[in-house]
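What follows is a pair of complexes built around subunit A, which joins subunit B in one and subunit C in the other.
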Partner chain A sequence: MANQLALIQNETLKVWKKKRFAVIVLILLVLVPVFVYAQLKIAENNKDKFTDWRAELRQRIIDNTNALSSDRVPEEWKKWRVALVQQLQYDLDHDVNPNTPNAVTFTNSFLRNAVGMFIPLMVLAVASDLVSSERSTGTIKMLLTRPVRRWRILFSKLVTLTLYVSLIIVATAAVSYLVSGLVFGYEGWREPVFVGFRLAGSDIDTADVHAITQGAYLLMLMGLVWFSAMVVAILAFMVSVLVRSTAASLVTMMAAVISGAILSNMASSWHSAKYLFNVNLDLTVYLQGSPPPIDGMTLGFSLAVLGVWAIAALVVSFAVFTKQDILN
Partner chain B sequence: MKSKKSWLWPSLGFVSLGCTLLLLFGFGWALKDAWAPSAGIALPGGTPQPVATGGAWEDKHELLVTAIGDSLTRGTGDASGQGYVRGTVDRLQKALGKPVKLVNNLGINGLEASNLTIRLDDEGFKGAIAQADLLLVTIGGNDLFHVAQNGGSLAEGGDIDVQLLQTRLIGLKPRLETVFRKLRALNPNGRIVYVGLYNPFYDVPALRESVGAVIDEWNGYARRLAETDGNAAVVPTYDLFETDVTRYLSSDHFHPNADGYARIAERVAQTLE
Partner chain C sequence: MEQAQEREGRPSRRQAFQPGRPSGKTQGDVVLSVERVSKSIGRKPIIRDISFDVRAGEIFGFLGPNGSGKTTTIRMLVDLIKPTGGRISVCGEDVNRSPERALRHVGCIVENPEMYSYMTGWENLAHFARMQPDIPEARIEEVVDIVGLDARIHDKVKTYSLGMRQRLGIAQALLGSPKLLILDEPTNGLDPKGIKELRAFIRELADGGMSVFVSSHLLSEIQLMCDRVAIIGQGRVIAVGKVEELVAQAETYTLWLVSDPERAEALLREHPDARVVGEDEHRIDESLLAAMPGAIVTSMEPDAVPGWVERFVAAGIGVQAVHRASPSLEELFLKLTEGERLG
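Our next item is the complex of A and B:
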């Protein structure tokens, strides 16, 4: 066991020394201010145009209702808009402002938007060359000639990956909170937000709707984002075991993640696409209660699909890594 | 180098382990909340929403306007998207020399009077009505004409059946009365301006008189409601679309175009100045 801990320590420090995490934090520090600025512009614009947030909310509801009446809007979009209108209406009727501009709501919306692409890319920066880099630099021989079993080595890398994924998610939330707070203020943890909207056909069922604090909402979001980030990480981990070149493994995973984002936008009539891992990555839709990319997807379903993919990837990774021959 | 390593690993290890546990907790909480929802926190009591005060407009430092109704309120047919509401607000601002603010444009394409009365019961929308010093209303056109989507034939009058118009008119009157009553209940002090209907088929000889008679009756009825109310007005638009209809109607031959809306806006502003 002490042996295993030493391995994990070794792997964790190796990744740290590669400065990957530092690069990720740097990227966040550059990008988040950009989004904060954009958000600030929107807030200023709304302040000019509307007497208060209720007026803005009402206008959003009316605008979306008008868009619904157009025949040119595809059915799936209509569904999404109907859900949105009903949620906004719920907020308005209960006098709860869903978008008070503060650091917590900003972080929430940043995480919701980041779960599909941004977070996976950050995770890939660490995961993609975890094993393949050892092979391309040849250090894998040093590693494997030590008197430890191969699965222990791979396991230590997996634990390291988990630790870094957690760090990335927390760092993303922390940077976005700290930076946006400079502009919007650091309050907002205790403000209410509604969760529990369920889709029932083309309508929204509000029977289970209840209010939680924005802080609790943030923590739940981070948990869900972490789960899908872990699945991406584990898949990248497998690819990194299978493919020698770091570039190839990175590109493979990026292609998979990006095609997932594209598919989610257009594949709602291709029902079997819901068994792909990449359309299931956005678990936050279930928390918000917006319609999932494909009919029939639920939180349980997505978790199961992602879980099966992750377990399969782990089985493949360990089976291949413990068996494969290392040549030159 | 040796000393640097000694603090790096413990701190890195514990911080990342802490993050992992925190996220696992968040994940578990999200699942629990989704599958076994809690009662939820109590909502803070709603802050009271502003209500329009009565009194002369001259004494106010700014005027609040809310527009409700159908596609005319929305501005359908106006390529610039301004509609008569924006035009009216701009003109009023100039004429009164004080800020005139549009609270909301609650126009919905294809809205009928019966749906409008339902919307007026909606908690969220009551606030917009209540705080307005001026309420601009257009309603009734869809109820009367039930514009079919096959806009092409509208230029020839579409499938307008005058007999049917008469029947609809009778059913529609009490609904307009309800709209006026509900608006007044929500906002006891604001001025209500109802924009009268025009005859989009004035250039169709077969329909000019018969449809015109129905619209006349409708506008007359609206005017009587406004007179009963005391603080309401009906702005006639019928004569604006008598000469050279096509110049002021958009390509669907039903909604006004930008010029048509501008003329309506001018009228509305004139009655208010």
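Our next item is the complex of A and C:
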């Protein structure tokens, strides 16, 4: 029985030799500087507006501290203000202008913006022809006539896919950190960022708000981005098993991802849309505390919906791949 | 099934040097057995109840026109398509139930030898070697050497010519030292020299004890290469047997090229021991007719030929050439299918 590791080595090698990952890194190297430049322009613009940022920070701290002693401010708002004051005080103490980005904050905001479209697109570059390319080039006839059970071949492709998705996330973060650091400096890992905001109806529930470092925040972001990227990858994997043409499988998945982005903006009153996988892809909204696309969606809910979609896709992929007749 | 003890005491490649190849060969043990296999796609039956065996060390031809179910059958042999009914086994292992064991004994090229064009020949072979147990690097070198690709093996496959891809495909098929080699239309796209080399190569492999299963729609190909043949048409096996035995069932023609065809033909029609065969009655290879333009095609016993030469000479008709044309497999095929249709 052929070694499963050897099969995974085969699949990994094939994706590598196809230079898919090289293309992805190249795209990152071209695009990230563009975003860095845009960020730089924003920072310069802010600098012009707020000439003395230290004075401004001090003023905000005073305003918020005053508000804390006021009886008219509800209790939960006070918590949030305490958190804010902490953050502002930290910035002041460490001589950090909050309006000046650094490499870590840039990476975080880049990841948040990339999760909906950019990362899925790069994942599709690997995932959508993982199986369909074997069929369209005819190599599947060689692959499946070797003494290996079909599910093992598909499994090795799945492991390879997981490896490359992880690599893509890490590469995206690494490239954006390294490139933006050239301009903004590589500091910023220990700066605090506040998480735990929860939307309860129209109010923000600040009960769980606490500060974590930007570094930890980056790790959490990467985890969430990884999860949603894996779901896109697995769905693309299924489409690539079902559809013979790579172009068709790519277009199908692109359409699904893009329609998710569109739906997120307009489906807030269509409640059952929250069970679609594509409106759940942006998991980072829960970390930022921004309102989810549809009422009633929480981090747990989105993870569960995405998980169910992924498992269903895997079941279909394996069932079809192990049974289907290779007719052409 | 037949003479299972053959395996130990197989006379090996010695047989190779016997000139009259298939007749002298003893029947080896069964390497590939196809029993009552059928396949329907939707409701449409594609393959209906076919059976045949391929024995050790023989070259087995699989002949049928396009659309006869040849490709479907080959794909079932290597587990690309699951049969609807029946059983296919290689060396006693069921191909569809335990492909990981049965396919260990099989090397194959289904249709074109498609390899990963973005990798080198060597990387392709290493890739497929990793899919089988215990194939050392030395074995890869060995198969590269066998197919004579040494010079270009580290080049990308996309730079290969069709002939080189074919060689690489064969190298891949040979990696696991299979007992059965399945080649689907192996001569497609090769030049005459390449075809000749391939034929000699296949014979060599068979002499080494490997069974080779060759499909073709080229009738002459099967005649030149195979020991036994199964003829398939409309999803059914029409006949299985030794090539020459099957060929003997069809008529042999005698072609006459004479100085005065009209008189010769009149003479031929007078005698009952010869029959003039009309133009649309026979299916002699056209290249043969082109070499003898205006020849009279007759059907007669071989013994009658010298008598006829004398008769023509006596009648003042010059005999320029006499040629015995064995029937082509196409003719045989038509004969067999005609019977089928009538029955």
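Basically, the second predicted complex is superposed on the first by the 277 of 328 C-alpha atoms of A that agree within 3 Å, B and C clash if a C-alpha of one lies under 4 Å from a C-alpha of the other, contacts with A are read in each partner's own complex, and residues count from 1 in each chain.
Here, a contact is a pair of C-beta atoms (placed from the backbone, for glycine too) under 8 Å apart; a residue touches a chain by one contact, two chains touch by 3 or more.
Being a predicted model, the structure only gives us computed values, none of them experimental.
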item	value
Contacts of A:325 with subunit B and subunit C, given as first, second, both or neither	second
Contacts of A:13 with subunit B and subunit C, given as first, second, both or neither	both
Subunit B or subunit C, by number of subunit A residues touched	B
Which superposed partner A:142 touches (first subunit B, second subunit C, both, neither)	second
Subunit B versus subunit C as contact partner of A:30, first or second or both or neither	neither
Contact residues of subunit A, present in both the subunit B and the subunit C interface	9, 13
Residues of subunit C touching subunit A in the complex	41, 75, 78-82, 99-104, 106, 108, 110-112, 114-119, 123, 127-128, 130-133, 172, 176
List of subunit A residues in touch with subunit C within their complex	1-3, 6-7, 9-10, 13-14, 17-19, 137-139, 141-149, 323, 325-327
Residues on subunit B engaged by subunit A in the complex (per definition of touch)	5, 8-9, 12-13, 15-17, 19-20, 22-31, 33-35, 37-44, 46-47, 49, 64, 74, 101, 103-110, 122-125, 127-128, 131, 149
Subunit A residues touching subunit B - in the complex, by the definition given at the top	8-9, 12-13, 16, 50-51, 54-55, 57-59, 61-62, 65-66, 69, 71, 89, 92-96, 162-164, 166-167, 169-170, 192, 195-196, 208, 210-213, 216, 219-224, 226-227, 286-287, 299-300, 303
